[in-house]
Amino acid sequence: MTTLIAIIGLGVLCLIFEIFDFRKAIIPITIIGLLAILGLTVSEFNSPASYYNNMLIVNRFSVSFSSLFIVLTLFLVALSHNFYENHQSKLSDYVAIKIFLLSGAVAMVTFGNLAMFFLGIEVLSISLYVLAASSRMNIKSNEAGMKYFLMGSFASGIILFGICLIYGAMGSFDIVEISEMSQSAELPIWFPIGIVLVTIGMLFKIAAVPFHFWAPDVYEGSPTLTTALMSTLAKVVAIATLYKLLTALHADVNYSFQIVVVVISIASMTVGNIMALRQTNVKRMLAFSGISHAGFMLMTLLSLSTSAGSLLYYTTAYSLAGIAAFSVIIYVCKNRDNEDIVNFHGLGKTNPLLAAILTASLLSMAGIPIFAGFFAKLVLFSQTIQAGYLVVVIFAVINSIISVGYYFKLILAMYTKEPNEERKGKPFLIYAVALIAIVLNIVLGMFPSLVLDLLA
Amino acid sequence: MAMDTNLALVLVLAPFLGFLINVFFGKNLGKSLSGIIGTLSVVVSFVVTICFFLQINQTKQPIQIDLFDWIQISNFKVNFGFLLDQLSLLWLLFVTGIGSLIHLYSISYMHDDEKMHSFFAYLNLFIFFMITLVVGNNLLVMFIGWEGVGLCSYLLIGFWYKNQDFNDAAKKAFIMNRVGDLGLLIGIFILGSMFSTLDFATLKTAIAGATNLDTFWLSIAALALFIGACGKSAQIPLYTWLPDAMAGPTPVSALIHAATMVTAGIFMVTRLNFIFDLTPYVQNIIAIIGAVTALVAATIGLLQNDIKKVLAYSTVSQLGLMFLALGLGAYEVAVFHVITHAFFKACLFLGSGSVIHGLHGEQDMRKMGGLKKAMPITFWTMLIASLAISGVPLFSGFFSKDEILMVAFHHNIALWVIASVASIMTAFYMFRLMFLTFFNDFRGTEEQKHHLHESPALITFPLIVLAILATVGGVISLPGNSWLNGYLTPLFTKVEAEHHLGTTEYMLMAIAVVGGLIGIAIAYAKYIKQNLVPNEDAEITGFSKVLYNKYYVDEIYDALFVNTTNGLSKFFRDYVETGISSLVFGLGKVTNELSFQGKKLQNGSVGLYLFAFVLGMCAIVSYLFLAQ
Amino acid sequence: MNNILTQIGIENYIFLSVTLFCIGIFGVLYRRNAIIVFMSIEIMLNAVNLLFVAFSTYHQDAQGQVFVFFSMAVAAAEVAVGLAILVSIFRNIGSISIDNLKNLKG
Amino acid sequence: MSTVLIIFCVLAAITLSTAFLTIFSRNPIHSAIYLVICFFSIAGHYLLLNAEFLAIVHVIVYSGAIMILFLFTIMLMNLNEQDEVHKPRFTRLGAIVSFCLVCLVLIKIFIDSKPIVEYDYTGEDYQSIKVLGKVLLNEYMVPFEFASILLLVAMIGAVLLSKKEKLEK
Amino acid sequence: MNVSLILIILLVGAFATYLAGDKLASKVALFFGLAALGCSIVLLNHFNLGENISYISQWITLPKVSFALKADGLSIAMLLLTTALTSIIIFSSFGNDYKNSKAFYALILFMSFAMVGTFLASDGLLYYIFWELSLIPIYFIALIWGNGDAEERKKAVVKFFIYTLAGSLFMLIAFVYLYQKAGSFLIEDLYKLNLTVAEQKWIFTAFFLAYAIKIPLIPFHTWQANVYQKAPTVGTMLLSGIMLKMGLYSVIRWQLPLTPLAAKDYMFIFIGIGIAGVIYGSIVALRQRDLKKLLAYSSLAHVGLIAAGTYTLTLDGFRGAVLQMIAHGFVVVGLFFAAEIIFRRYETRIITEMGGIRSQSPKFTSMFLILVLASVALPTTFNFIGEFTVLYSLSQINIWFAILGGTTIILGAYYMLKMFQHVMLGETNSKLFADVTFSEGLTMVLIIGVLFFFGMYPKPINDLITPSLVEILKVINRV
């Protein structure tokens, strides 16, 4: 609860700073503020509670995911410094929107009432629409924003319809009440339909096949920092929320629903990976890679009762790798009009550190050991096999193999091609973010219990 | 015992030391010194051998020396050790003895070669391995020597490595030997698993003590061992490498490809006589192959013009005779022939070497002739050796060959006929060689003629020694009173009764002698009376051409094995490899193509995206709520 | 007085709402004019709002109606942002047909 | 058939037909007008269900604010029939197919489901302004405040998207 | 003192090498390589004294993974092989001048680290991690410092990586499945499992995919020749000398004991595959134009035989396989080094462009010839011991296996001597060929020394490995 308030306060503070022309202080203050909020959040870890008539329920799950979101936002805000160098007058808006977005995200994992859930997702979405379209004069950005907006609000409509049906069945928005009722009485069919519709809406947000089409286009068109945000924070928030929704509502997760999850999961992995193979735009490639990772994350829904820890671990691993990768992309593609793979040629020679970081993050995504990505997949596989879905795991493995193909395309470009031009400057914050993210990733890879045991 | 061990080590390691010295310091030592060291090292072995020989001749007790554990197999252990018994010492005697002589010979013969020190190094190495082969106390130590001599043979055949033909010959020798080696290994495997030992002595007692022997597997083992012997001793079907091996320097041909290495097969069969005795089928096969080899090689030898090739086929033919004897169970006879053959064949080779040396490398007999005057010692020594090989009475070859023929006669007339024909042919082609080389006028170039000279003493001395041995070597096993048979008796399980010299035997002897003389006479008529010179290659026709081309066996082998393998290799390389590879790449290509097609679906139209969204939603909802 | 839905039947409201929602979906799929697409989305949201009120009556519960307020706020916010994006697109390419938005593909 | 049901049917007919017309009319302005009618009919439904406050708010927000915004944009862009691009046939086909599909699927499900026959009636006041206010500002205080964040974000966003940048060099 | 020390040395070495800078890198790397070798010898000593040198500690609670390193004789033998070869390989590269050599040598040490880990790990997951980890350095070594056309190289290397990864991921599934059954990844616990035949069969197949690709066995070998050819010689040495031994080692350590019933059922098929590899590899090697490719195919043939030996499930097969693994490791490193020595002088690997080297370089010729002969298993060389034992074990299963497998003696001699003839012999080459330098010579002599020493006296290694192999056989025959 305090987290949410503090975040909103910080957002407002950003806007106030702009008014009083403390522009230079915005990012440092935000970073410090976020660190403080992180501390605040973590301190709630062992004190589960519910606030305001169950509007917000703070438990380990919400705290750990909130912390993850805060860390991710921290990274993204740190990257903003360099990214918005030429847009100083809008800096406060950008940062404030990110902070508000974080508040939406936190609301989504902390919700105790579907109203909070819906508002949270809308805050998140609307912020994202704005950020996607935020490069005003760039047609691609406009297009990305428009596509995202159209499809996003369509999905919102569906989610809303789902919530409505749940309400119709239960007469309440409170998840505790709903979950109690869902176990006892004979339910009208509205309830499962509602759950399914909400799930579909969330599947859209995490870009699972066949609701994934927006993702590559939007990722490609959006400003790179926004893409980073979408592919890490937004995706993680969506899957976490979906997970929470399904667990908290004791939803009707029966066998046929699991079959649907299996099919979607396999389809997402396969489509994402196969489509990524022929991409030359790095952001687009990562978008498809994100789709395939969505497929992996969906595997957690097959063993709902036990997989919270592994979901947290997977999302952490994935998003840390994503942050590291995107920081390098931001650095490399700064002042370029596209993110074509050509820009990465010879990075291994001109900038070995960043190349190494990007390589490491790609390897993590590919699931190569010692990187957290490996354990993430391992734990996932383990749980899924335990749940009896060996087929999914086999598909997952085949997809891991395919994925190496395109991750390595980028690595090859960095190490085997001749560099085309020198890049000037070594922006400290980008280096720091990339390095910290990847180091965190590796540390988690070496000590997976740090995260895995949090929600055990 | 420690004394024995040390002496045995000296025996084995002296040539190895010579090898090491020559390898590492040969270049600095100078040619003569390296030659002397090489020779000395073999002489040392020879002296030690004599010591042992004298000792064992008295005690009659074989000397067993175990050095260390070598290979560990689950059901048995192979020690590295030596066995010095009658057989191995006998072999050692002529290996090191003739070896010393040939080393001595080489000092002069190879003096013009810039790589003389490596020549001696290889020779020493060869002697080392040959000794190992002979003294090994089990099959595997023997196998070390077995492969080692093959290696040295390879090195020495290809000694003039700048000529790729010679290298080809060397390679061929090695590979064909290896075919045999595989056979030997298989034999070893079977014996090992049957009796859980490879040690000769233990093996012998194990077989002797075995109650119900699996004769089938024993026969297979014997056959496999015999294949090994075929490879090493140039028997059909693995004989074709030996004539090609003449590419090496002549001392090598004398030492390795006439006197010592090629007799390894006979050594091995004799060593394992207790196995072969139990497998009569295999013995028959050995006898038949031996006889056929003797005949085939002799027929080929009839028309060869290269002086060394003639000798090479003669060697193959003589080895065939020895195997005939082995196959008939007359091991001591075979051993006897090995020894006499070593004397006269070494002498012949060295003589031919002397001739070649005198003619600066000419080997074609058509370009020789009339060398009698220029090279008298060579001529006389070679003549003696030829007489010996032709079986002229009182020369050593007469006794040994005669015994083989006699044994054959007693077993099977057909084999006797074949062997007799082969020996008549031998007499013919040997004297053809002699007449073409030493009689009539010189047919070479003027310049060669100008330089004709007798070889230096270092070359002629071994010739003389060997000629003497070739003459008197027969005394060790005179018919009716054989020292050799008595000496070897402890080795054999079955002791054949001594042949009494009855009328039949004298008849046979007479037939053999007459046959030999007829052969010589024909050669005399053809090459002295008519003064014929063999035709140029192109003019040879008819069956002669088949013979001259060695029955086209090389060509047939090439077509059957070499070309097939090479063709297969090319096929594998060009098609199968690319096939499998493209199968793997194909998977990648398919996914890539899918990706390419998939990109078309992602066409940027929001309408399509939403359409997919709605369809997906319908599908899920209807699956969940309508299909149930 | 009793529940008004006894006379109408909640099913009828559901059918009406579903149909309206589907019309909204149809509009989104059918039209290429971004403004009309926005309107279709508004129709969808309104269909849901209608159902909320119906359910609220069905349960005799105020929460459904309260939720409609939030839903309206969301609709308003979405429209504001959507139109802002639309305007900026219109400024850049002079058209609001979503068919013209095909630069990003593949 | 009771009066209420008749009113419901009429309103429903108006709602659906105007919704259709919104989509089918070629002129965006007409679409907007039809949409307004549609919204009014929905407000009629609200009134029918005794949700007077909501009906008024609905009219104010939708017909008053959102529709004005639409119209304003349409005017701004000066849209008319000619601007309407030709729709490819398969798009239309796809749209119709999916419309029918969704409709059929959803309606089929609801038809299949068990009909509701009993309706609660507590007689308590649950939808007067007073009650709504209490619920909204007591129970739903946090979402209410959070909605303000939503609007704030929308505002910042709209500004961000249309604000011209001061070029600082 | 326990075995984790050696891992630490290598890992620290990798970082130290990277930090040492380009100039010092090779020396620092060699220092750490030798330190690791020394450490493994000390460990051997401790092991022989019967001390406990394993290390185990809990690593991840859920799934239950331990950081468990256990060294039995087999592991220590592989450890010695790895560390000795690493040092030799590093030393052998002193004659080359690599750009960015700090990264290069760091990667070598890192790879060595991963491989040592693979040989030591006694926890399935830890083992898998090391197994995968070893892929990354070799990928970069081959990619960045490789030779030949860049595009071709990329294709080959990526294929290699994806292919091997593909195989090992199936192994991962098998491990996870086993974990579900056993509740632990520890090898002791996995050994205790009683799986049904059907389960064993698919687990066996999953393992086989991983190992067959890594070793490689036909028909999974297509990556091999190209990568060997394209990788820098150091990389090729690492791959052929040590890395493929990982696969063979794993067959003995993991695959067979975990799935004994399947192994027995499938025995003939997999021995057949191994032997087919022998013949196929030898025949393909005959007509290769590229020296390194030829050696690659020869390697294919040799490992085919080793694999066949392991699948016999006999003590002899195991022992022969392990001996041959070590012997082959040394000889193949030596041969590739010979190819490198030629490349340093002639800048080519095409056999037809060589020839006539012998007269210019007697030392090199002798050493090369010895290696060639060792690789065709001439008695007195180490390879003979291994090959003999393996063939013997095959003959115990079926004499035809021994005969067919034994063709390697003939075919091997054929292609190796043919290669030797065309590379070294013939008319003196017009291009100058300087004889080996001191360091090159030293490298070769070391390798040759090892081959001859153990060829004559394999007992120490035999005594080292036999008890652990007997243990493994006990596990295999537990049912």
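To keep things simple, chains are lettered A, B, C, D and E as they appear, and every chain counts its residues starting from 1.
Criterion: a contact is a pair of C-beta atoms (placed from the backbone, for glycine too) under 8 Å apart; a residue touches a chain by one contact, two chains touch by 3 or more.
Please read all numbers here as calculations on a predicted model, not as lab measurements.
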Chains shared as neighbours by subunit B and subunit D? A, C
Chains touching both subunit A and subunit D: B, C
Looking only at C-beta pairs in contact, point me to the busier pair out of A-E and B-E. B-E
Taking each chain's centre as the mean of its CA atoms, which one is farthest from the centre of subunit B? D
Using only alpha carbons, which chain's centroid is the nearest to the whole structure's centroid? E
Could you grab the centroid distance between subunit D and subunit E? Build each centroid from C-alpha atoms only and quote it in angstrom. 70
Once you find the CA centre of subunit B and the CA centre of subunit C, what distance in Å lies between them? 98
Euclidean distance of C-alpha centroids - subunit A vs subunit C, Å: 27
Subunit C-subunit D separation of Cα centroids, rounded to whole Å: 5
Shared interface positions of subunit E, touching two or more other chains: 162
In subunit C, what residues contact two or more other chains? 10, 14, 21, 24-25, 28-29, 32, 54, 58-59, 61, 63, 66, 70, 74, 77-78, 81, 84-86, 88, 98-99, 101, 103-106
For subunit B, residues that touch 2 or more chains besides their own: 588, 599, 602, 604, 606-607, 610-611, 614-615, 617, 621, 625
Set of all touching chain pairs, with the criterion as stated earlier: A-B, A-C, A-D, A-E, B-C, B-D, B-E, C-D
For subunit B, which residues are in contact with subunit A within the complex? 588, 591-592, 594-596, 598-599, 602, 604, 606, 608-610, 612-613, 615-617, 620-621, 623-625, 628
Looking at the complex, which residues from subunit A come into contact with subunit B? 146-147, 150-151, 154-155, 158, 189, 192-193, 196-197, 200, 204, 209-211, 213-214, 216-217, 256-257, 259-260, 271, 274-278, 402, 405
Please give the residue numbers of subunit B that touch subunit E in the complex, ascending. 23, 68-74, 80, 118, 140, 143-144, 146-148, 151, 154, 158, 161-162, 164, 167-168, 171, 174-175, 178-179, 181-182, 185-186, 189-190, 192-193, 220, 565-566, 568-570, 572-573, 576-577, 580-581, 584-585, 588
For the subunit E and subunit A complex, residues of the former touching the latter: 59-63, 103, 125, 128-130, 132-133, 135-136, 140, 143-144, 150, 153-154, 158, 161-162, 165-166, 169-170, 172-173, 176-177, 179-180
Residues of subunit C touching subunit A in their complex? 10, 14, 21, 24-25, 28, 34, 37, 41, 44-45, 47-48, 51-52, 54-55, 58-59, 61, 63-64, 66-67, 70-71, 74, 77-78, 81-82, 84-86, 88-89, 92-93, 98, 101, 103-106
